[in-house]
Amino acid sequence: MINKKTVILLISSPDKEGLVYKITEFIFHHKGNLLHAEQHIDKETNYFFMRLEFEISDNTYDKQSLLVDLEPIKKQYDMSIELYFKENKQNVAIFTSITEHCLYDLLIKNKSGELDFNPCCIISNHQNNENIAEHFNVPFHHIPVMPEYKKEAEESQLRILGEYNVDLIVLARYMQILSPEFISCYPQKIINVHHSFLPAFVGANPYNQAYQRGVKIIGATSHYTTNTLDEGPIIEQKVVRVSHKDSLEGFIRKGKELEKQVLSQAVNKHTQKKVLVFENKTVVFD
Amino acid sequence: MINKKTVILLISSPDKEGLVYKITEFIFHHKGNLLHAEQHIDKETNYFFMRLEFEISDNTYDKQSLLVDLEPIKKQYDMSIELYFKENKQNVAIFTSITEHCLYDLLIKNKSGELDFNPCCIISNHQNNENIAEHFNVPFHHIPVMPEYKKEAEESQLRILGEYNVDLIVLARYMQILSPEFISCYPQKIINVHHSFLPAFVGANPYNQAYQRGVKIIGATSHYTTNTLDEGPIIEQKVVRVSHKDSLEGFIRKGKELEKQVLSQAVNKHTQKKVLVFENKTVVFD
Amino acid sequence: MINKKTVILLISSPDKEGLVYKITEFIFHHKGNLLHAEQHIDKETNYFFMRLEFEISDNTYDKQSLLVDLEPIKKQYDMSIELYFKENKQNVAIFTSITEHCLYDLLIKNKSGELDFNPCCIISNHQNNENIAEHFNVPFHHIPVMPEYKKEAEESQLRILGEYNVDLIVLARYMQILSPEFISCYPQKIINVHHSFLPAFVGANPYNQAYQRGVKIIGATSHYTTNTLDEGPIIEQKVVRVSHKDSLEGFIRKGKELEKQVLSQAVNKHTQKKVLVFENKTVVFD
Amino acid sequence: MINKKTVILLISSPDKEGLVYKITEFIFHHKGNLLHAEQHIDKETNYFFMRLEFEISDNTYDKQSLLVDLEPIKKQYDMSIELYFKENKQNVAIFTSITEHCLYDLLIKNKSGELDFNPCCIISNHQNNENIAEHFNVPFHHIPVMPEYKKEAEESQLRILGEYNVDLIVLARYMQILSPEFISCYPQKIINVHHSFLPAFVGANPYNQAYQRGVKIIGATSHYTTNTLDEGPIIEQKVVRVSHKDSLEGFIRKGKELEKQVLSQAVNKHTQKKVLVFENKTVVFD
C-alpha cells in the first residue's frame, strides 16, 4: 500500500482563460488525485479564487518541490498561492477573559473531533478559567493587562505565542483591545467574535444597544481582527429572534449560543484553510 | 340565537396591583366572554401593556357606553385605552412607486383572507402599477411627486386619504420621503419597509452597502415612519443568509422575499390591533 | 423591608366565563402582586390553560394554605392546579451513555446561570463521562445495563433517584430504552432528545435515515418520554440546512448543535414550570 | 465585437483521475472562457458531478458539434452529459387547481425577472384562476378531471403539452395525482410542492397531521414527481416555527409562504440547469 498525503492549494489571481485547466493539468502531471475543488469569480473585480484538495503519494513531492513546480503558472497568471498539507494541524492559541462559554465550546468540540486543531495554549488576563484549561490539559498562562503596562503584557503574550509557534489566535470573548503592533504580527491570523450583527452595534455593550433600539433579531459575528475596531473581514454571522418579552438578560443568554456558533465555525473554516480574504471581504468555501 | 360582537381592548399604564383583576372584573360584569388576553410588563420602566379580546352580545353596549364604563378604572390606574370592534375592517391606503412585489403581495394576501383589511386606494408617483390595481379592483391614484411641487403632491395625497377615511398608510416600497407635516397627520399610522436589517445600513442603497461590507446575512425591517429616517419603532425583521456566491443582484432578489414578509406581517399585526408603541419600541402580541 | 416569595400557579380547565377574573381576584385578595400571566385557549377542545407568577410576602401563606384557599375555584371550574414556589430549585438527574456534548452543555449552562436547577446526580451505563461529573462536582453513578439484567439496573436507578428526591430526569443522549414500569414512576418527568425532526425518522440512526432520503434540512426534537418510542409530547424542535455537500458525518456534526439546544431549552422550560401537557401536545409559555 | 453564447454542461460519471483536467482542456481547446464551475463527489458511491458554464463565440460551434467533440471524453470516463445554451429559455407549463398563491408567485417572479422561463400555458381542473392567466397573458386551458374520465383528461393535457413543446411541468398546488403513464412521459421534468417537511406527513392534509402531532416547526418540500407519492428526489425544503398559539388555520397561512418559496426555488434551480438527480437524491448547485 502506498501512503498518501493530502495537499490543500489556495489560489487568488486575476481571472484569465485557462486557469483551471492549467491548475488541474499540474495536478494530473504530478499524479495527484483531485478530491475537492471550489472556485469563485468576483464579478466586480474579475478576480478568481480557488481551493483544491488533492492526494499525492507520500514520498514523491514535499512542499518546497511543489511550490517550485507551481512557479511558472504562478508567474503566468499573477497568482497568490498558499499550500498546506492537511495532515499538519494548526497551532491555535485561545485568548479569554472572564466568560467561559466560548472557551468551553472550542475545547469540547476539539476534543470530540468536530474541530481539529492543536490547542497549544490559553492566555487570559484573569485567573478564573484555569480549571477549564486543566480539565482539557491545555497550558494556561495568566497575563494580567493593566492599562499602564499593556505594552509589557503584549510582549509577554507575543513571546509565549512565539514559543508555541502559533498559527492562529482566537479571541474567545477576550475583553481587551489589541494594539496595531500586536495585530501586525499576526495579519489575518486573529479571529474575534463580536456579540452583534455587524455592522450594527459596533463597540461596547452591543446587546444593550440592541435592546434599547427595540430590534426583533439579534446576532453575532466572527471576523478577522484589523486595526479598525469591529470592521475586519466577516467570516460568519448568525442571528436569533427576540421580542418585547426578552429582557436584556434574555438577549445576552440567547446571544451566547450565537457567539459560540460563529466563533467555532470561523475556527473550523480557518483551520481547514477554507477562508480567502479579499479586500475587506471573505470567500468562505463549503 | 344571540348575535355576538368582538371587542378588542388595548391598555397601557404604569404597573399597579390589581390591574388585571379590575379589567377582567369589568368584562365579567358586562357579561363579556374573554377570548384572548396577552399582557406584558416592561421591567425597566415598570409599565404594563395588555390586549384583550372579548365577546359581548350585539345589542348591549356600543363603543361609547363601554368607554364611559371604563372611565373609572382608566382614571384609577392612569391608563391609555384603545377600543375597537373586530368586525370593523381597517381602511388601508397603499403607496407605491415602480416596484411591484410588495404591492402584489399585500393585495393577494388580502384577497385570499390571509390579511383582512379594506384596500381603499393605491397612490403612486408612477403609472406602471395601475394594471395591478385594476386586477384587484382597487382605485388607483397617480400623483407625480416633483421635487419642486412636493408640497402640492402631499396635499393631494392627504385630500384623497381623507376622502377614503384612511386608518393606515402602507409604504410598499414607496421611494419618496414624507414631510414631517404629512407624518404628523398619521402618527403611528404609517408603516414603511426598509430593505436592510436596521439599524445597519440606513438610507439609500442598503443592499449595496451590505454587499460592500461583505455581510453573511441580509435583512429587511418594517417600522412605523417617524421624522427620523429609518429610526421609527420596529415592528418586524427577517433575515436570510448570503455568501460570496451572491452577487448584488442576488442580494436584491433574496431581499425581496424578506420585504414582502416583514411588510405583510406588520400590516397583519397592525390591522389586528396587536401592536402597542412604547417610546421607540413596539410590543407585538401573538 | 418585607421578604417576598414568588408563587407559580399552573391551571388547566374547561374554558368558562369568569375564569381569569376569579383567579386574579384570588391573587388580589391574598395581597399578591401579579408579575406574569400567560394564558391559552385550545379552540378545538375549548380547554383553558394559564400560568401565573405572583409575589406574596414571605410569612403570610404557605403552599398548603394557598391550595386550601384555591379549592372553591378549583371545584367551581373543574380545574387541575399545580403550585410551586419559584425559589425551590428542581432536583434533576442526568442520564448519559458515551456521548458527552449534551451533558457538557447542561452542566455549563447550569454553572453560568442560564439554566437553574439542582444537578443532583449523573447516572450512566458507561464510565467515560465520570471526569466531566468531577469537573462540575456532581455525583456520578455508573450503572451498566446488560440486556439480561435490565430490570436490576432500573431498580438501582430508581433507588438512586429516590435518594436524591429527583423531580426531573433528563436523558442526555442516553442510549437505552426505558421500561414502561420505569416511565410510569416519573410521568411527564422524563425529557428525551431525539436526533431527528420528529415525526420523521423515528427509531435508530435517524441521521443515516435522513442522509439516505436526501433531505435538505435536518432537525432535533426534545419531548417527554412515553411508552411509545419517540411519540411523546414534543417540547422543542430545531432544524439546520444541509445539502449534498454534507456527508453523514456532517449531518451528525450539525445535528449535535441542535440536540444541545432543544434539550437545554426543554429543561429550561420544564424547570421554570412553563410546560403544560395536554393530550399528546404541549403548551409552552414564553 | 464578437457575439458570445453561454454553454451549460452537466456531467455525471464515476470518479476517475483527470476528469476535471480533461473537461477544462476541452473548453480551453474550444476557446471557451470558463465562467462558473461547480463539482461534487459522492463519497459513498464515488460518483462525480459537475456543472460548468463557459462562453464561446457565437458562430464557432453548435450543440451538435460540441457533443460530437465531447464523445471521446464521454466514452473514456463513462459520462452522462447534458448540454444547453443558456440563451434558450425553458418552456414551462403550470398546473393548478383552486388555490392561487403558488401560481401568482411563479408568474410575478417570472415577470420581474427573478425567474426566467417561458410560461407557455396554465392547465387547471378548475376555472377560477383564468383571470390570473389573463392578467399575465398566459394561455389558460381548463381541463376538468373527473375520476371516471381521468385517462381522457391526461390525454388532453399531454396533447397540449406537446403542442407547446414543454420542457418542464410545475404542479403549483395541483390537487390531482398523475398516472404513472403520464409521469413516464416527463421523467424528472415534473416538479411538485408538498405542504409538509417530507418525509413527515406524506399524503393528504399534512397541516392537519402536523397540527394533531403538536410539532413546533412545519415545512414544505419541492421535489420531482415519481410514481411513489411524495417520495421523489427532494429539491428544496423550508420550515417555519409554530406553537400552541397557532391554530390549524395559522399552520396553513404560515405554510403558504413556504410553499411559494420552495416551489419557486426549485423552478429556478431546474430552469438554470443546476439540479442533478442521482438515485433518489439531488445535487443542487449554487
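By letter and in written order, the chains are A, B, C and D; residue numbering begins at 1 in each of them.
Please note the rule applied: a residue touches a chain if its C-beta (ideal position, glycine included) is under 8 Å from a C-beta of that chain, and two chains touch if they have at least 3 such contacts.
All figures in this text were calculated on a predicted structure; none of them were measured in a lab.
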Selected pair, greater C-beta contact count between A-C and A-D: A-D
Chain whose Cα centroid lies at the greatest distance from that of subunit C: D
Gap in Å, rounded to a whole number, between the CA centres of subunit C and subunit A: 37
Touching two or more other chains - residues of subunit B: 243, 245
Subunit C residues touching subunit A - in the complex, by the definition given at the top: 100-101, 104, 108, 112, 114, 131, 135, 243, 245, 253, 256-257, 261, 286
Contact footprint of subunit B on subunit A as seen in their complex: 40, 42-43, 197-201, 213-217, 219, 233-239, 243-245, 247, 280-284
Residues of subunit B touching subunit C in the complex: 17-21, 24-25, 27-28, 32-39, 41
